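Below, each structure is written out as structure tokens.
In the two complexes below, chain A is the common chain; its partner is chain B in one and chain C in the other.
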Partner chain A sequence: MNGTPARMARVRPRLHTTLLWLLLLMPMMAKAESPFVLLSDSDGSYNGMLRALTEQHNGQLESEVLSDQTPSDHPFTLAVGSRACEAVIRLISAENYAMCVFLPAQTFADLTASPKGQRLLGERRLSAIYLDQPLTRQMLLAKMLKPRMQTIGTVLGPGSDRQASHFTSAANILGLTPLIGRLEDSENPVRELTPVIEESDVFLPLPDSSVFNRASAKWILYLTLRNRIPLIGFSASYAYAGAVVAVHSNVEQIAQQAMNILNHRVLGDALPAPAYPDDFSITVNETAARNLGLTLAPSDALVMELKRRERTIQ
Partner chain B sequence: MKYPLPLALALALISPLLLADESHYLVDIPQVTAVSGSSQPINDAAASVTILTREIIDASGARTIPELLRLVPGFQSYRVDSHKWGVTYHGVADDLPNRLLFQVDGRSVYLPLLSTVDWTSLGLSLDDIDRIEVVRGSNAATQGSNAFNGSVNILTRSALKDKGFRARTELGNRGSRLQTLSASDQLGSAHLRVSAGYQEDDGSQDSDDGFRDSYLSMQLVQPVNLRDTFTFRAGIDRGYIYSSTDYGPHRGRFLDRREHKSHHIALDFEHIYSATGTLTLSAWEQSVDLETPAASDIQLARFFGSALAGEDLDAFRRSNSGLRSVAEHGDSRIRDLSLQVADKFGPVALSSSLGWRGLTEKSDLLLRDGKVSEDQWRAQSALEWSISPHWTLNSGALFEAADENNALSLRQSVNFKPDTQSVIRLGWSRSERLPSILESNQNSSFYLPSQDAYLVDYKQFESLEPELNHTWELGYHRRWGKADFVDMRLFRERISNAIHSTRYTLSDAERAKGNVINQRVTTRTNGASWTTSGIEGQIKLQLTPDIYSLTSYSYAQTSEESGLPEYVETPVPEHTLSLLLNWKINENLEASLNHRYLSDAEWLQNNETYTDSQHLTNLRLAYRWPQVDSGLETALLIQGLGDSQWHEFSQDNSYHRGVFLQLNLTYP
Partner chain C sequence: MRRRSLSIRYRVMALTLLPMTLLALVLGGYFTLTRVAETRANLLEQGQAMARLIASASEFGVLSGNRQLLRSLSSGPVRAEEVSDILFYDADFRLLFRSGEFDVEVARDQQEPRLYQGIWHFVAPITARTLPLQDNPELLSIDNDSETLGWVAVLISAQPTLRQERAILLRGAGLTLICLVIAMALANRFGRRITYPVLGLTRLIERLQRGELNARADTSYTGELKTLATGINRLATRVQESNLQFEFRVDSATRRLTQTLRHLERRNLELQQERQRADDANRAKDEFLARMSHELRTPLTSVIGFTELLEGTELNRQQQQYLQIVSRTSELLLTIIDDILDFSRLESNAIEIETLDFDLAQRLFDVLEAQSAVAARKGLELTANLPSDLPRRVVGDPTRLSQILNNLLGNAVKFTERGEVELQVRLSRLPSDNPRLLICVRDTGIGIAASRINQLFSAFTQGDSSISRRFGGSGLGLVIAQRLTELMGGKIHLESVEGEGTRVHLDLPLRYAPSKGKVQCIDNLPDTALLVYEPHAASCDVLMRQLQLLPTPVIPIRHFEEIRDHCRDNAPCTLIIGVSPLEANTRHVQMLCDRIRAHTSAPLIFLIPGRGPIQLHAEALKILSKPPRWRELMGALGLPLDDSQSTPSPTLDSHLPYPLEILVAEDNEFNRLLIRRLLEGLGARVAEVGSGQEVLDYLDNSSLPDLILMDVHMPGMDGIEATRRVRLRCKQLPIFALTANVVPHEHLALEAAGINDLMLKPINVPELLRALLRLCEEKTGQVHEAPAATPELTHSLTNLTSPDSLQQEVRRLAQEIMRSVWEKDRNQVRAYAHQLIGVAGLYDMPVLESCTSELQQAAQEGDMRALWETSSRLKRVADQEQLE
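Then we have the complex of A and B:
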């Protein structure tokens, strides 16, 4: 053992340094948990989300597509889409965490209305980043297009009827008068939509069932153009189809927000409250804008200005 | 640990809570391009597509649809007479070009009786058009019958989009007058658009081949509920043109009046049956009645020459009802019924249709038996498979079955999108064109009573087969800025089995059998072939905030020709150029200049039908009166700004500078 104390004396500072580094690195090691991704389906949109998440994660992610087989349990599950989210809420064990992405806010609210959902939210073991945009954001954009607007119209289908109060609240916050029409599958769209559109300064359709969105879009597009009313779409597809602008978040923006939360989270930490996407894009249909005599700033400038106005209102 | 409740998962899959899931945000909103004018679909298109928007139509200074089509790369349009137009893509045509599909709101206006389009009886004016969509090349083949070299769909203003009144009055030299009026309104839950117009002029100063035309059309869109919509269209057209009886050096002296009466009715029913699926049932009927006068004694003598020696003209007339110097005489009636289903299955969009078309053509001059009827059946399918965000595969097939022939057209293309703004497309197509009723059945025979024999001018002896077009193409489309784009197409088209006219010598047995006195008759045969290769493109540039340009250019060359007339050396004009410049001088004043260049062109009619290379410039100055809230515009249009005289179709077919003053009113 000759010479050991001297050697120990040499080694001790190194050991201390190493231990210090290990202590410093512990939070980072703790947060380096790799989430398990559960996809609602294997089609292009969900795979696109998985690709974006993988890119943001800087490494492969373990993933599974929801099927008849029960998915395996993980400490942290990222559920992509409504069905995956619902499965996770039903099946999550007491010690685990989950975050739902790529689903509408209303759907998440419905899914978490159960006692279990409420408990998970209360314990902050469940969170979400929605796919859709807050109504105030869309209405602020409307005010950017038409600063003197006073009324904002929408039409609610059988599936979006519950959004009437949200629409009214958002309009009231911004000092706008909400005009809400209702349309059933069996009703004549021209008869129901025309009075609302004619009275609106800007029209903002809300998403309903897919078939309702698709069938009503044609009439909304034509009638708003005919009455020269700016239309704000809820997806890029709406802007391509003829809406003047559409505000929407793409998979990269949602994935970045989700992975930001995960990367800065220490294992066992509570999750933040469910939120709308922080980042978003604005698609402008130049032809539709020109038809209405609107001169719009480039898309990036619109995004910056909208973010500024959002901060102001907050 | 495994989740214990697979049943819960199954319940999750069918949960009613999920009625409003994310798929509702991801649903494709149908492109209402009349609203958006978006070029977004072009990136996924299976072919080169040119869209002439309302803005371009206004700026072009064109007064007719064929003139507008000069803005499309590779298209040539020419006046055969002042009001008789030929429109072709990559040349190789005569006075009645027949290798393009022309549609108005999806209804084919191809006239089987003449194997071409009669542009004066369409029942619409330029002011009724919302936009024109042109598919260049045989990748359009699966769009419908006769889309052999391309297709043109003229989309009229929608009753849903239009509101209020529009009126246009135009006065010009050579007695030119035009008045159009349209009104659109909502009647209950229906939208109605009515349009009417009147037009006349004295024709060219060399030929006095004036015309007159009046039309009335309407469109009614009636939704039944959110998913079901009826669209009804109808129209009538009446008028006349003067048509040449001779394309020789003295053509201007030999004209006859050709009257037209046409009508159409069309009913579409559209049902949205799911988030991705639409079913459309379409039915339409159209009739074109062309009437030309009986030939005068002088015309008979000129046409028949010595064959009438010793013949009693009155007896000759009594024996032959179809003695007319202008052959465009007869009645064409088409009925069409089709059922189309379009749906999307994940990344695959599929559109399929079944259709029937009944043709009844009557002419005592062109069809010896006076009447020919034919049933045509067709099945069409098109598939668009988005393999990845960068790759799209397009496939299409059209099978047509007629009384004598079947035709199969196929197309395949792969689109690579390196970014969201551009696409590179490699395409192959095999397109077949069924012979028209005229081509298959033309029989212009005349009975000579004194000889108890026939003089046969034109007769079809052999059955004709479909023409065939094999095309390879490489396309590139890129858009940038607010509305700038470039569209290029490199192509090689091999046309074979093409139908062409030829002189046929009757054998003695054939003459004896048919009791025919002459030896040589004109007939049609499948025997022509040629290859056309070249490059064409269109570029739109916003040069300054107030000036934009639209340039279209096509370079084409033919090779491996066979069966074409010997007098034709360049059946495809080598260079076709059109340049449109539009300058918004201030809030109310706008100027546009449209210049066209066409290199030497030779047409198949005869050795007199050619033109030397030439330039033609149109200028349009428009002033919007700010004092009139609703919209009042005065426009001055000069056609032939540089050279005051130019030739079309033949060097003997001259046209002179035209000056027109327009007054356009819109309300509200």
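Then we have the complex of A and C:
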């Protein structure tokens, strides 16, 4: 019997360690609940987002495409796209959570302008990962292109005063002079764009639907190239179309960021605040850069430099 | 429509040109039109492309309203000649800029190019297109639809295109024309290379066909044409060689033929001469035959006549034997002469078959009786097997039938030494339209070898040469019988078995005479039995068949003792006793009679062959010839005779039913007088002339007579010439020629001159009367029966003149001839001699005729010595009391 107490003495620390680990692992076990993915549409980009999410989740995700029928309420809904986000905000019950991905920041802001939206944000039961890039990141990139730049221009549609203020503040932060052109529906876009672009060192178009109609999108690009003004695009396609560089986040980067949030969240925890994508990519149009006389580093180096500069500012 | 034939050259040209022309036209047309279409399509495409390009390029200029930009944009294209103007319109189709200044109306909604006033309008919209700037729909939503910012109108003048099209058309047409010309030239060249050789060969063939066999084809051709040319040349060479050979052969054959023809001509000439000589000889023979016939016949008749007279005188046995020999040979000689005469006339077709109504049975028995004496002398049984339905009267030539049967029966009797000769008659009434009279003469004579039967119908041929020596004869009998039978439309054939006998079958057409007698019924026959004794079986059968037609018992007996059995109790009976020809003499018949009388005193009828002079001493006895004539037998039996044949014979006193007007042309007055009397006696009216010329004068001056009796030999114009001339005037006038000449060529000349009938001198009055009656029938249209040739009628001519006057006339003419001979006036001699010949011919004085003919011949030949001799002989003949 002498051995038993000794043996007990040897086993007890191990037992305590095991129990500790079990307590530590409890929250991990709590996030085992799988999110419900609500797609705004069955379009290819939405499906791409779903595939990226599924890959990041390491398992099958329950999903549904938004239709005329009322979608079912789930404890955690991952809304992909503006329409899904709007539906989730409208239908979410008091105890459930939701995260909107794959939508611009301006759109999310508009969707959550309602009291319920504000309440959900306040209760941190609603969060988002934006599709577009923060203005600062884009302006930093502009400065990387033309370090001696003074002015940065953009053009906005009617009723974009909030965006104008954001643009102005971002420019001011980086010590740049914002030049903001206003584009009305009835006006000739070329006539409005030409002075703004001609006066800007770098032109930064914003993804504003009121600005980017069929004519203006092309003529912004045309006028910047013609005036040898570097243009920072907001999508890879923009770079392909003629923008010198474009900074953007793809679905994998967004999905990874979303799934990271979900995976590290304990059941019942509040959600983080809506945020721009952490990770991004830069696409360079070598031809346009050459025409403009710019010598640019490779994309990866630009991304790293940009991320470094972002961290510096923060 | 006649299809036009093209030469091979044109055909080859057509064959070559047509497809090439068609090809050139089709291809030229196709490519030209394609090029024109392409030019237009290019214009349109170019215009549309230019409009699209300018529209695309002018998007910024239009959007920005930058006219300077638009000007620079359009300045380049406008420099082109065909671009007239480029117009830019904004979204509201307000004109922003244009280069030209002319009036134009552009339609905004014009989708397709439009030709307006010689200018093509190409309108293209200026559209703004959205760049694909967004990666996803969430970041930026841009409408992808295009937006019309304005329009560009490109005006292109159609003139350059039209000029280009015209140039293309002209070039195409020119090229096609050049192709056609080249094609024609090539076709012509290549066609000539084909057609020239073919045409050359064709011309060569034509030359060869024309006989230019030296022509040869040009062998410079190529290919098959060379082979053809070589072949034609080879063929032409062969043809030429063959032709030469053929010509050589023809030439040789022609030479041979010419020689042959010359030879034949010579032979022909010789033959003609020979024939002429033969004809002359034949004519001389005819004349000689005729003359000699008369010459022979006349003394022969005297011999026969005097022989018969001599038989009536007191002769011893040897003299009688000699006399019989003389008589037989004379008769034989007479027969031969008659046969020769007949044959001569048959040969010259001088015999015509008459159509007369006659008693057939009587004619048959006449012939049998003529032969019965000879048959009886030879001891031959002569039987007549006639059918009971033999027609009494038939139509035909009785004289020629008798002649045939005389020949056949005469032959049968002649060539039969013992046994019998049978005349068998049958009728074949079927078919009804061609009844036949079948006569068979059967004998039990020596027969004829089968191999010689066919020769029997050749002239002067007998069964055997020994026959001529044994039996005599001319060998003309069967020939004459055959010719006469054929003339009658019949056939004759002969069957014979050598040593057994001969059958001669005669097949003649049977023509019934119109029945004139009435059927007589024998109903008053005395109830008398007829006992027939006939030792010859065949004769007995024939007799029994005849008698059994009578309604009285006929009993054949074999022995005289049977007479008592049938004639006892004084039952009336009549005995008919047939006598065998071997016993047909007075002594035997008397013995027979005495034997019968020992049994009965019934009436006896003896049937005696030959019916020689038999003197019997018995009562109630009648003698008939054997075989008996039916009528005579009926008469002997006391039965009534059919008197239908007892029609009175016409005599000279008979008048013609129509008074014919007859012109008699006869140079001799005596003859004229005689003929005049004859004709007037017959009831005709007669006019006389003495020469042929007078006949013509008479016809000119007087009315046409009903008949001319034309003497052939007349001074001046003879009867032949006169007939020929009369025929030129009157084709229908009947002319009968009178001639004493039996020479055929004269008869033929008369027929050729156109006589209707020929009358031989001496005139056969019954024949003349029949001919005149036929004329009367033609005049009156009534049928008149021809009179039978009764002796009265036959000798009427002689009765018309007295012998004294005839002799006086003959002597007068003879004296005139003598006087002329003294005076050496040969013409007078010939003229009187001619008259005398006429008289001699007319009165059948052959001696006188022959003598006068010789005199005339001598006068004609100028042979004075012969003239003196013949004139002296003539004087002697004429001075005879009995003219001959």
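What we mean here is this: the second predicted complex is superposed on the first by the 281 of 314 C-alpha atoms of A that agree within 3 Å, B and C clash if a C-alpha of one lies under 4 Å from a C-alpha of the other, contacts with A are read in each partner's own complex, and residues count from 1 in each chain.
We take it that contacts are C-beta pairs under 8 Å (C-beta built on N, C-alpha and C of every residue); 3 or more make two chains touch, one makes a residue touch a chain.
Keep in mind the model is a prediction, meaning the values are calculated, not measured.
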So, does A:Asp110 touch the first partner chain B, the second partner chain C, both, or neither?
-> first
Return first, second, both or neither, reflecting whether A:Asp132 touches chain B, chain C, both chains, or no partner chain.
-> both
Is A:Asp73 contacted by the first partner chain B, the second partner chain C, both or neither?
-> first
Name the contact category of A:Gly159: first (chain B only), second (chain C only), both, or neither.
-> first
Who wins on chain A residues touched, chain B or chain C?
-> B
Which holds for A:Phe36: it touches chain B only (first), chain C only (second), both, or neither?
-> neither
Between chain B (first) and chain C (second), which does A:Leu225 come into contact with in this model arrangement: first, second, both, or neither?
-> first
Show which residues of chain A both chain B and chain C reach, each in its own complex.
-> 40, 43, 45, 81-82, 102-104, 107, 131-132, 188-191, 207-209, 212-215, 217-219, 221-222, 233-235, 237-238, 240-242, 248
Please give the residue numbers of chain B that touch chain A in the complex, ascending.
-> 1-6, 8-13, 15, 17-32, 35-38, 40, 158, 160-163, 186, 188-191, 223-227, 272, 274-276, 346-347, 386, 389, 482-483
Sites on chain A touched by chain B in the complex = 40, 43-45, 48, 66, 68-73, 81-83, 86-87, 90-91, 93, 102-104, 106-107, 110-111, 131-132, 159-160, 183-191, 194, 207-219, 221-223, 225-227, 233-235, 237-238, 240-242, 248, 285-288, 291
Okay, in this complex, where on chain A does chain C touch?
-> 40-41, 43, 45, 81-82, 102-104, 107, 131-132, 188-191, 207-209, 212-215, 217-219, 221-222, 233-238, 240-242, 248, 250
Going by the contact rule at the top, pick out the chain C residues touching chain A in the complex.
-> 60, 63-65, 128-147, 149
